[in-house]
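These are the structures, in structure tokens.
Note that chain A is present in both complexes that follow, paired respectively with chain B and with chain C.
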Partner chain A sequence: MFHLDGKLIDLPPRSRYWYDLIPLSLKPLAARLSALLPRGRVLTSAAQLAAYGADGLGYKNYLPDAVVLPADAEELVRFMRGTKSLGLPVVMRGAGTSLSGGPVAVQGGIIVHTSALRAVREINAEGFWCEVESGVTLNDLDAILKPHGVFYPPDPSSGPVCTLGGNVASNAGGAHCFRYGVTSNYILGVEAVLLDGSVHRFGGPAGGRGPWREDWKRFMIGSEGTLAAFTRFWLRLLPLPEKVWTFRATYPDLRTTESAIHALVAHSSYPAAIEMLDPRGVAMVESSQMACGLPEGSFLLLVEIDGPAALVDARVAPVSEILRQAGALDVMFSEEDTIRKKLWKARKAAGGLLGQLSPSYVVQDAVIPKRALAEVLQLVYDEADAAGIRAVNVFHAGDGNLHPNFLFDSRLPGDLEKVERISKRLMERVIEVGGTLSGEHGIGNDKSGYMPLVFGPDSMRLQLAVPAAFNPAHQMNPLKVFDCRRFAS
Partner chain B sequence: MDPEAPSSHFSNCTHCGFCLAVCPTYKLTGDENNSPRGRLRLWSEEAAGRLPPDKWTDFYTEECVGCLACETACPATVPYGEIFERIRHQHVVSHRSQPKMALRLAAAAVAIPSLFNLALLPGRILRQTGLSFHRFLFPGRPPVLKSSAAYAAELMSQRRPTGPRVAFLTGCLMEAMFREINFATIRVLIENNVQVLIPLDQGCCGAFQEHTGLGDPEALGARNRRAFSSLDVDAVVSNSSGCGYALGKSLKPGGSVRDVLGFLGDLGPVRRERAPGDATRVYVDLPCHLVHGQKTPGIPAQVLDATGYRWELAPNSRDCCGSGGVYNIQKPENARAILAAKSAFLNEAEGQPVVLATSNHVCMMQWHSAGATGLVKRAYEVRHVIQLLDPGADFS
Partner chain C sequence: MNAFPPMQTERIFVPFLDEVDGTLCLPADATAANLESLRRPHPLRFPLFLDPEASLRQQIEASTHAPASCRFGPYCDNILGMNWRLPSGRVARIGERVVKTTTGYDWLRFLLHSGTRFGEPIDYVIRLRPDCGFTLTARFEGESKALADCVPKLLQSGWMHWWDSVDMIVEGSGRHLRVMVHCIPAEAPIFASQLRSIASGGSGVALTLHENALPPCDGLPDLVCKTTPDRVLRLANDLAAKVERVVALCYSGVVHLHLKPGPDLPGRIHELALSVAGELHPLGGDWHSRWLPSTPPPLTESSWIETLEQAVHGS
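What follows is the complex of A and B.
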């Protein structure tokens, strides 16, 4: 046995002497990794790897060969410099809350967990930008920015724990992206480490472009860990809205819900967020600690408007009128922070709430033209009912970003296959109506099989050339985004 | 791990990761194994036979503070605390894990309250004389010989309150070492016209056994069910959120336990008046087992208002202070690191004097240690909220 962590396993001094004489390249993986990360942590025992087998899709498990936790950005660079010689896939991981099977070791290899890179290095409130390390969590950033009167708009539901690194890798969205746009709209610059250990800055803070043409940062955003490791970002910030109103409207059926969504979207002063929970989603909220008195058995719309107080106050009556005219059973609205936060907490916990009903679920992330909303949602219910699978819809209605959740039991033979068949039929219909695969979750390994539904052979060949330019052997996060991206050591 | 334990106990965890954000040991180490999601994965893999028993599983299990903040954060309503307690008990029974010797001795002693009271007599004397300098022993003047039961009976016959009747859990450590808080609780209740009964046959609530994985909490629970369930009272109350949480589980189904501050909040307690110009500032920390265990909203604002002091919640008041029952004895380094982050605000806190108030004696011990070990460099007092409502020893 060799020294692993300094706590549980160690060698007596005599053995240690002989062990030190063995060339590093002949030593076990743990020793080689420890040499690259003298201050960080290296996990290699089977019981230390189990937790890293899955991301937010808990039912899919791929055990890595090792997990490393660099102590800081400097150590991450040092690690990347040594990874080529290890001959193993390298998978970056933020908080592992993604729903795409992205930060998991499908082909084995080393997971690099960036939880220690948590510094907010600079806040320039006058210039509306900040510099953060890749392991900073979204809610921590929000709390730090708030006293400065600024905010970072993307707000994926996993905000309490997800990291900026994961957000940039998957070009994350969130409820308020309907008005504010997704992550790529707020990234001024990315510092990335390539497999040779070279550090590159794509873009930078306002006025600072860095050595690369600025638009090249777009290759990094949404690259899902296939190009490089991220150490830090420069983020664009906005002034905090002066006032916010949140509306809660309930509807008896899909048709009336859809007409409310259309009316809201078409309004000249459209909301910041339009979210929908179906009756099953509402029931799960009400049977959890996030219960907030939602009327059961109805479709729920959660709508938010924000901006200068006088302007926003003037919009309250028109928005509630739109919601009512579409056929709402009831409409409630509030500017109270405690009430608003409770509603949002219930909405954003939706993924976890599914655990009340089923041990495993598959969530799709399709984006469709809004005119097809009711039709595609009905297809989800019909297909799921026919297969005896429960489906729950909780999603970003404003931008047509569907999240149908198909619940199944991974311990029952054939259950997952049923869900995969429904998902495929859904995706085919999504493409037919002019939609696409993913709005914000990324492709990962969960949706890579659907890529040929959207992209032709020429497009796939050209897209594959990009990661190949950065790491020809596909050592970074293989078998993600493209099924054929296998690491050949 | 019990091979017969059904893996379905773990199965409603969807791996969403919301628990990571609130877990003190994940925040401390950044290691996902050291989080509720990670531990549940380890335990379920072992239960399903995919992972053999491993010292790292034992290590990460021991690392858990047991604060239950993850239960509040969990949308899937995974009963983490129940699972964790069962696994910890199994690890101790099967010798995969062993609490420190002092805790094993204490666990044996608390099962016999009279023995535990006698064993801690020197501690009461030292605190009474102001000569206790241990980092956990916050200042106080506990009555050395008179028991809380005797005091309650005496005060009841003098004041003859006519309001609601409560049965009061006096606790083990609270009674044996910090008895002055029990006395204050009795005075406050009786001043608020509450009739206080103290069942003499009550025993340890089982919290100590749960924290250590030792002993038989079920046997202790049976004893307390006999002591409390047959009483004709409006409520069973506790002045320690950890003890109240443990006793509450024992009395289920059919019975429940109220935290004494929540109970007083419903009554609207007598307000204490303070001198004009009193610059005292009270920072209130909410014990984990009050908000995450008993799942109450916290300490009622009207109770805190009734203290007559200017008060506010301490920063991150719903987060763990690192006490974790006996966690600060089992894992002192982690407990100190958690406390360091949590207590840093006291160095800059406004007020003269500054009071850190909470409602659990083990949290009070942990908060006192922040000053005693140099984490907090300025003077501050640690008090139970009930002490801030106390009419004083002259009340009779």
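What follows is the complex of A and C.
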């Protein structure tokens, strides 16, 4: 049997003999891919490919020509060696939870799904590091690390399914980044496979440069699959905090919420997380199965402090006082796991709930100085209301990392254009107030058009030099990050 | 997508202090004293100083880490942006003034410790932290093994997040373990109690606590070795016999070596570096000295460097 345009065709023995004599380069794509991945899987049927057409930015669909699932790192290397002869774009993909149109085949080509690379190879709790393959999911890693008394802090909401590979590619963040920082703060080393099949280890358990003169892993982290395929990482770990308190406070308006955020970020308790849900976000949660009794009609802050019990217990009263003094309508706090987990489940499920409210949605990811929070959020409401587009804000307030969600119907003429106009206006204002386009989702193909707002002629030249060094033909993930990155086979 | 036209001019940072975000843009040649005068009206601090006399740029060029990296991470996690002078003389903005970004490739972290091959910093945007007003310095003294036994007790619990630094200092035949705490005065007894409990668990370990002492000032290291936290004490011990002073930053896995000055200093540093390189490199560790030029890159790396050089030279 052989694959022809996704169909399995059985050949009589004599034909099979002649088929074997055809040069591989002249055989159908599926056959060429199967030769590169004898132990892995090759998907080419329309139904299979449809599952890979989009990422979390669901309304943009691009069907790949094929999807491959290498059985292990060795097979991924073998595949990479063969990519030149394939002459097609190569797009790395973890769980596909990216929200920026990152791991999708905009120019067609092959999607490489790394789900089989899921071994946690070593945990060194004394050395505060572990070695993991790129397909390991975040929550699986958490569960494996917990008995060792250590954890890996970045915690994007997609934790149950998202992979370390995707996290590193997009420099993922999460709710607890305010104190703990993002992925780039925890990557000690990256094993990268370039398009020529060469395998390079940038860093390692010690987190330095290794034998290289320059620190190349810095470019790999957050490179959105445009430079290399990743097979494994060395991650920095921290000891687990002993005790956690979670606070919930509600505010009547944006200004008072902002003043509470300003007071919290300067406080000696160093909260681990400061999250905000606007009244529309709260209403959305409360009308879903995630409802947990959040007071409706107000802006809600979710704050978490953690540490040794002796220390963190002494901080409960000062933190609740700060929340009250800023003008809270209501402050509640708890150390009980069930209550805390319910609150976090509601917060983290908010993104998924948006998909139930609307056929399409876009979530932006701008970061702004926190003194501009209320002003920029008001701009979001004003612009969206004027255009008749629903906007919901659920975001990482401590970092000034906005996530305005625009709900629309991409099938309705003009709806997408309205969202793009609002996004454009928002991004212009974000840059004017000193912010940036993306804090943790990456640029993908969703925000690449905004990059000229950020980079002038010299810094743009520097930016484009990085793919020029590692992937000059832009065969890896073309048309991402920068619009001009087009692959000409 | 509504694409924007290319920008004709480079955006650069202008000096600022944002007391809400705790960010400050200051010249790369600013010293601790300059920084102190800028931040004084606000309850903020920059904890990563190695030497109050040296400029921030000299410190960053001397090491990737400072003692307070134990709590706040290396310099690259505390420098958010730079105005960078390219070899062409033009100035480009690198990084941001906000604490999170995934906008484009991370030139900031790449350039920060790359020397002057690709240009040089003019200004830094640094991240400040809340100044809680109280500092506690703990000095553990005792036998080598007893002190070493205290280190995992300090690091392998949730308390680790709250130590500004945990450093083993070896000087001649003497050694001590230094722990820095920065907190509000009301929390000082809680930290002191935990430190006493750790000291009392070690045989023959004596603890002295100093309130509001000046932050540690080890000076700029002559040689820096990066390894893993579980190997750092052994590496420090191995090297201690050959140098004046060793400061091991225990969680960061960094050893700062201070050598006696002299005309043969670069030679002695080179010899030391060669003696540890074979151990450090396989772990993804490295060595670095402000006195020595970078070693020539391997062939593969040369081509990548060449491409970047063409970009920074504007060709």
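Couple of notes before you dig in:
Just so it is clear, the second predicted complex is superposed on the first by the 468 of 489 C-alpha atoms of A that agree within 3 Å, B and C clash if a C-alpha of one lies under 4 Å from a C-alpha of the other, contacts with A are read in each partner's own complex, and residues count from 1 in each chain.
The definition used in the following text is that a contact is a pair of C-beta atoms (placed from the backbone, for glycine too) under 8 Å apart; a residue touches a chain by one contact, two chains touch by 3 or more.
Remember, predicted model here, so these are calculated numbers, not experimental data.
By the touch criterion defined above, A:Gly173 lies against chain C but remains apart from chain B after alignment on the C-alpha atoms of chain A. By the touch criterion stated above, A:Ile187 is placed in contact with neither chain B nor chain C. In the superposed model, A:Ser459 lies in contact with chain C only, and not with chain B.
Judged by the touch definition given at the top, the superposed model places A:Ile368 against chain C, while chain B stays out of reach. Which of chain B and chain C touches more residues of chain A is settled by the count: it is C.
Contact with chain B, but none with chain C, is seen for A:Leu69 once the two complexes are overlaid on the shared chain.
When both complexes are overlaid on chain A, the residue A:Glu126 reaches chain C alone and has no touch with chain B.
When the two complexes are overlaid on their common chain A, residue A:Gly400 makes contact with chain C while staying clear of chain B.
Across the superposed pair, chain B and chain C touch chain A at no common residue. Of all the residues in chain A, the ones that touch chain B in their complex are 7-8, 41, 43, 45-48, 50-58, 69, 95-97, 113, 115-116, 135, 137, 139, 158, 160-162, 287-290, 349-356, 359-361.
Of all residues in chain A, only 124-129, 149, 170-171, 173, 177, 181-182, 184-185, 188-189, 198, 200-216, 218-219, 221-223, 234, 238-243, 262, 265-268, 270, 306-308, 310-311, 314, 365, 367-371, 396, 399-401, 420-421, 424, 434-443, 445-446, 448-470, 481, 483 touch chain C in the complex they form. Put simply, chain C touches chain A in their complex at residues 1-11, 18-23, 43-44, 64, 73, 76-77, 86, 90-94, 96-107, 109-110, 113-114, 130, 132, 152, 155-162, 183-184, 186-187, 190-191, 193-194, 226-231, 251, 253, 280-286, 294-298, 300-301, 303-305, 307-308, 310-312, 314. Chain B contributes residues 8, 11-18, 20-22, 26, 30-33, 35, 37-38, 41-42, 45, 51-52, 54-57, 59-60, 72-78, 295 to its touches with chain A in the complex.
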